[in-house]
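Chain IDs A, B, C, D and E follow the sequence of writing; residue 1 opens each chain.
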Amino acid sequence: MDDLQLLTWARGPGLDLALGIFVLGVVWRLIEVYALGRKRDLAPARHRTGASGLHTVLRRSMPPPGMLKTSPVSYIGGFVFHIGLAIIVLLFAPHILLIKSLTGLSWPGLPSQFIDMVAVLTMIAMLVILVDRINKPVKRFLSTFGDWFAWVVTFLPVLTGWMAVQHLLLPYTLMLALHILSVELLLVVLPFTKLFHAITLFGSRWYSGKINAHKGVPV
Amino acid sequence: MSTAERVVVDPVTRIEGHLRIEAQTDESGRITQAYSAGTMVRGIEIILKGRDPRDAWAFTQRICGVCTLVHGMASIRAVEDALHRAIPDYRIPHNAELIRNLMIAAQYVHDHVMHFYHLHALDWVDVVSALKADPKATSALAQSLSSYPKSSPGYFADVQKKVKTFVEQGQLGIFSNAYWGHPAYKLPPEANLMAVAHYLDALAWQREAVKLHAIFGGKNPHPNFVVGGVPSPISVHSEGGRGKGPHFRGGQEATAVNVVGLQTVQNVIRMMRDFVDQAYLPDILAIAGFYKDWGSRGEGLGNFLSFGDLPSKSFWDTDSYLIPRGVVLGRDLSKVHPIDLDADAEIQEFVSHSWYKYSQGDATGLHPFKGETELAYSGPQPPYKHLDVDKKYSWIKSPRWQGKAMEVGPLARVMVMVASGNAQARELVDSTLKTLDVPVEALFSTLGRTAARALESKILADAMQGWFDTLMANIKAGDVKTFNDQYWDPSTWPKHMQGVGLQEAPRGGLSHWLVVDDGLISNYQAVVPTTWNAGPRDAAEQPGAYEAALQHNHVLHDPKQPLEILRTVHSFDPCLACAVHVTDPDGEELIQVKVC
Amino acid sequence: MLPEAIPIQPAMEPSGNARPLLREIDDMLRRLLETGEPSAIDLSALPLNPADLDWLRSSLGVGEVAARLQANGESTFDETACPGVWWVAHRNEHGAVVAQFIEVAFVPELIKAHPDDIATGREQLEVLVSGL
Amino acid sequence: MQGPLIDTLVRQGVSRRTFLKYCATLASMMALPPTAGRAMAEALAAARRPSVIWLPFQECTGCTESMTRSHSPTLEGMIFDMVSLDYHETLMAAAGHQAEDALHAAMKDNAGKYLLIVDGSVPLGIDGAYSCIAGRTNVDLLKEAAAGAAAIVAMGSCAAFGGIPKAKPNPTGAVAISDIVKDKPIVNVPGCPPIPVVMTGVLAHYLTFGRLPDLDDKLRPTAFYGETIHDRCYRRPFYDQGKFARTFDDEGARRGWCLFELGCKGPVTHNACATTKWNGGTSWPVESGHGCLGCSEPDFWDAGGFYKALSMPADPLKMGTAAAAVGAVAGVAVSVANRAKKHRAQASHETTTLADLEK
Amino acid sequence: MSATLEKGLHALREVIDAPIASYFSSCVHCGLCADACLFHTETGDPRYTPIYKLEPLRRVYEQEYTVLGRVKKLVGLAKPVDDAMLDAWQELVYDSCTMCGRCSLVCPVGNDIVYMVRKLREGMAASGHTPDGIRSATRRTVEIGGPMGLKWPAVANVLRKAEEATGLKIPVDQPGADYLVLLSSMEIVNYPEYIEALAKIFHKAGLTFTVSSDAFEATNAGIQIGVSDLARTIVTRIVEAAERLQVKHVLSPECGHAYMAIRWEGPNLIGRPFRFEVVHVLELLDELRRKGVLKMKDTFKDPLILHDPCQIVRRGGVLDAPEQLIRQVADNYIPVVDQQKWNWCCGGGGGASAIHTEEAEALRAKAFQVKKRQIESAGVDTMVTFCANCRIVIEEAFDHYQMDTKLLGLTELLAEHLED
């Protein structure tokens, strides 16, 4: 199989397979998680909870007071890397096309030099976070194989994508194929690793928001 | 003369593709039976199944790299026709139709000139004889024929010197081992020298002529097309700028269709007209004058079919065609029969003598929408000396119109134009007959076919300026639309649709028959000019056009040097890759061959 | 109607890729002076847009010598304001530039007459002389 | 600078300067150092026109047509001055037996020295009967001609990589030349068709240096196929700025913006179109407005469709709905089991008393 | 039947629900919760990272409720939860966790960690992994009526003394009163002036109240130890008394866990809504303040800071009332940086104060450093709070660190300066 064939496989059957497993996994895991249900809280609410779940979903994206100082790497690194990923995934024109072909939705993209810079920042942030995980006792203590693995599968798409665009190491075609394959790996493992937080995060925040708002505490 | 024998010409050279002619002669050298066989298949129709119909043009275009435009265009039109049949208000922008006309006409003129000078002329022109010519006399001859600028004695002396050097070096290359000195060559040395000079000129000329395709299609051979219009946006912008009207973009923010590109197109059109008027037509007339006897042989069928082309308005408006649609039967120019594309019995393909198998039996004919492409190779195992012409002997199918074999191509088109009352065609035909001093019957011949090619080149080259002017007027008026994106996305298409893409290719009427299900090709059949012309006998043992033409009044001077066969076969401008494009991937056929 | 009737608006900006060439040319000149070895830069092989070329051309300036060669189309050999630096452009029969070089030499290679051609010239001259 | 070629040229009125200029431009096109022009001129001048045999197999003649569009050198220039084209079906005067004789004579007279050019793929299905010339199969002819060749040029994507006949499902079992011939130097000159100047450039290089140019892992000359269309594209700045044509006729298309979204395969296509352009520098596909088809890459016919951007799925995605359904079924099954387990646990709850707290 | 591992796992299987599943699926091991936990910040020991304390619960969830975990268990890749593990975790779940909920507030993915600790304690208790101190407090609450073993006669004695001091009647078992006043043993024993203050305020406000001889104790050790069955027994006493006396409101004392137990857990424990409303004393006071009933005769002059008890403020939702009230009485109230819902725990909540092992006390003392720094950086000599448990823990810590900071109860402070 030459590189173009590998690329075509990655764009064709590989993508189909990966998206299939991803969709299957996400649906399955979501049902597995949320069908466990929870009991209704019989204590009268302090006031109506309204959109508090949604508020928490948004509010938790910001660091709590003081925490930025105590854990700057986690927050700034995390911000840079998550926002970077979002920019790369959502605002790089080729990615928008993929999204369009999957969902029919599209929007304008950003210049590739900008995306390029964001990719570098994102990778730097991820590396800093990795070093932090190695250096910081709490993080090192908590880390399991899954954490290292998740880092690698998240880092690879950014690295391969950037290297493909920059024509580093391997020919573009092959690198692009590897990039797509690495994204497919990410898709396949996402529902079954901590990367699933990308989806359950919303549920978790929403639950927190609701449970605490019931008592009148915005969290 | 020799005894009766089977003359085999394989490869037939100076054509596109792989053609084999087997001719049975009697003791006098007269051809009694001729058999035309295509000996190469690739299976493009099968490759197309299941693909995106919008991609099909690129595949079908590779059916042939000589008439490099026609299959792409026919394929595009097939998809558009399917859309138009399903969605009646589906239209192609007028500019796109004009640009397509320009590209098609450029293809004609380019192809015809190249065919004549580079593929056909060496049947009539003896290169070696040109060495004996007197450049001064050649110059006088040339100047008597036309105002073609390259006609000085020095020019011809240079050409002669070039050829001489070449011959003296002893490395004849492509000119080696030809029939030089064959008594059928009748031109005087001066005419030969002039033709050789124009052979070289035409090579240079054609390189410039294809620039029109490069502007609109990005390259030639195999320019690009797109379903819904042309993929060559016009680089003008309407915002800002000085004064009113559109402004052309230049520099980096532009496409090839900018002011420079359009100027190139204008130059090409001018150059094409000049070459046709000053070289091609005069040369044809001059050479034909020495070969008037070829006005009485090589006709064959006498049935002519044209699908029509070059609309001034829309391709679905057949009344606006420059080349009309219709059939002329049995040389009867008083009547043009209409063509019904959809009637099952009207256009059919037969495989009685072709290496294919039909599910309803090989004697049946199938309408292309319901066409089948299952292979049954039953020829001899290579290497072979002869094909078994009583059975199946070709990869080419036999298309028929109302059961009749038809000739397609320049002669057919000119006949249908004349029969339909096209004034320019009539005038050109009349003046040609008059100049050559031959009867009207001479049209129906090898000579007539070669002359018709030149006549229609003139008609088309003249028409190009009109289309170009209209295009420029549209741009000036602010209409730069070249593409209809409304039904670009296959998800907006009906689940099932079918359409036929017609094109009068340089070699004749071309039709691509397309069936689309769920946005993907479910059947694709290309019935191409050379299939009509080069096809083998059908179920009723009616010969195809080549076969009939060769059986019409041909006596071989020397069966070892069958120049006569080449003249008539070349007069059709064979394009074999076009004709043979189907096969079956079924591995079992391997075994069948071994059993044979 | 002719396309010239419609006005054209070119738009192009230099990419900045031409700048480093000046240093390279300087180095080539130094080599020419020290060793007498000529050298050249193939401009078509570099990622320069027309605006870059214009910038480079105007930066190098116009010198005293300009030569033209008619061979299969025109070629021009223009000395720049830096003597020894030549701007060489080869055009085809249609006037389109097919290759462009900066040549650093005392005299561009192609301008020098070839000894064989000079010999042929002498032969012609001898014919003329003998005819006197 | 002496030899039969230059003598011929001089006799034909071609000056040494013209020839040098030609070599300089050719060297420039082949991305050779500027000094190579001189070397080329020396070598070319000294060469005797070598024999070239061109065999057509499963082809469309597009490669030959492309060759006739070559501007520098021109086809006639090549034929008259550079090579002795001893067999070429489309161009040669002779036909039938005479053509075959010419072929055999050329092969015999130049055994071990001639350059074999092949266009078209070679079908191996039904023992090769899918394509025959003079009653002989292509594979048979190829093996015979290759045996005496000094080197082979696989001209066009069909000969180089199998091309369109090899497109799925490859009905005739077509293969590339390099799949059959293993013991000769082969240079692939892919493209559908290849750019004329690339074709002639490769020949000129061979004639100049007596060997094939530097090749990449796909046996393509790196001088022409070393970079992608995208990297040399004049529209690249628009890609970088995120400016894309979204249809073939929108404002972006007219402004010459990047065609990536319309399916341009430039980023993964190695060819020289963007620098050499086509038809004497007139235009090239992207300049005229259509995305690159990727025609110089192996199996580009099966690379997912010409109008699908590289970042779009190459095939229709079929598994999504089924996967969602399977996932839902699996999820529901698991959650039913989970809930049953939880309810069982709750139902069998035994009240914890103070005594229970003590272990 | 006594506590066993299986019983503990069984209990965990019962309590695992969708939020827990979602929380565990979301955790990315970022470790930020560690920064929110005073046991970690003051010791630097990574084992005190809140999410790590939940490892037994996580394992049970993964192995029982996810397919992947079950498969891992099947092929022997998953480590089972065993007694040794729970034993090791006892310290993490009780000694070093006050269920203060600060970690829940900082988790970037929104995991409510304390919600899970509460559930994990069910399993810890059912499997017999609880600290002696809490266990005996629970026993006393269930068997005697309060965690300190206090009986009604002693309470009645205190009430009498308060009547004498204030000259106001403190009704006992009086049906139809506006408020059933609950107390905590600690208040009764250590801070009887609270009761006096209440009497004064009710009088002033013109509201009626009563104390129940059956249900005077508000604290609920069953919740702290994590046994809902016992917690239900305890809370049922109050519910029965309140419904018998047909009061409109039940007034929770300052004590934090008491408020959590009766206000938020109560209805869920008995499985139905109450027929009365539970009000925290500060809520009542704040309402009176707003109505203008709570007028001060003078104010407290010394600069002071407020310690917001976790279960009342962050976990109980009484957010604004404390500050409003302190501003009413204090001239020099100095807001600290981490206040209200961001306040740091005293280090003894969630039953931790009942653990009297040497290690636990040392740990508590260490954890208190965060409070100590708060006081020192504010530069005050007075701290006000409103939870009896906090007061005990803080005073113990003041002793430990030999600090002479004054610690006042908010309600008493108000009562002291209340207009006569």
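What to note about this one:
One rule holds in what follows: a contact is a pair of C-beta atoms (placed from the backbone, for glycine too) under 8 Å apart; a residue touches a chain by one contact, two chains touch by 3 or more.
Computed from a predicted structure; not experimentally measured.
Shared contact partners of subunit D and subunit E comprise A. Shared contact partners of subunit B and subunit E, listed by label: D. Pairs A-D and C-D differ in how many C-beta pairs touch across them, and the larger number is found at A-D. Farthest chain from subunit C, judged by C-alpha centroids: E. Of all chains present, the one whose mean CA position sits nearest the global mean of protein CA atoms is D. One inter-chain figure worth recording: subunit C and subunit D are separated by 34 Å, centre to centre, where each centre is the mean of the chain's CA atoms.
Once the centre of each chain is set as its mean CA position, subunit A and subunit E turn out to be 37 Å apart. Averaged C-alpha coordinates put the centre of subunit B at 27 Å from the centre of subunit D. The distance from the centre of subunit B to the centre of subunit C, with each centre set as the mean of the Cα atoms, comes to 45 Å.
With touch defined as above, residues shared between interfaces to two or more other chains in subunit B number as follows: 236-237, 249, 252-253. In subunit E, 16, 65-67 are the positions where the chain touches two or more neighbouring chains simultaneously. In subunit C, 49 are the positions where the chain touches two or more neighbouring chains simultaneously.
Residues of subunit D that touch subunit C in their complex: 1-2, 10, 15-18, 20-22, 24-25, 27-29, 31, 33-35, 38, 71-72, 232, 234, 275, 280-281. Contact residues on subunit D toward subunit E in their complex (touch as defined above): 330, 334, 338, 341-342, 345-346, 348-359. On the side of subunit A, the complex with subunit E involves touching residues 28-29, 32-39, 41-44, 46, 56-57, 60-61, 64-67, 70-71, 74, 78, 136-144, 147, 150, 192, 194, 196-197, 200-201, 203-209, 211-212, 215-217, 219. Across the complex, subunit D is touched by residues 39-42, 44-45, 47, 49, 69, 71-72, 75, 90, 92, 94, 96, 98-99, 101, 103, 109-110, 114, 116-117, 120 of subunit C.
By the touch criterion given at the top, residues 4, 8, 11-13, 49, 51, 56-66, 68-71, 74-76, 79-80, 83-86, 88-102, 105, 123, 125-137, 140, 163-165, 167-172, 174, 192-193, 234, 237, 245, 247-251, 253-256, 273, 278-280, 282-290, 293, 301, 305-307 of subunit D touch subunit B in their complex.
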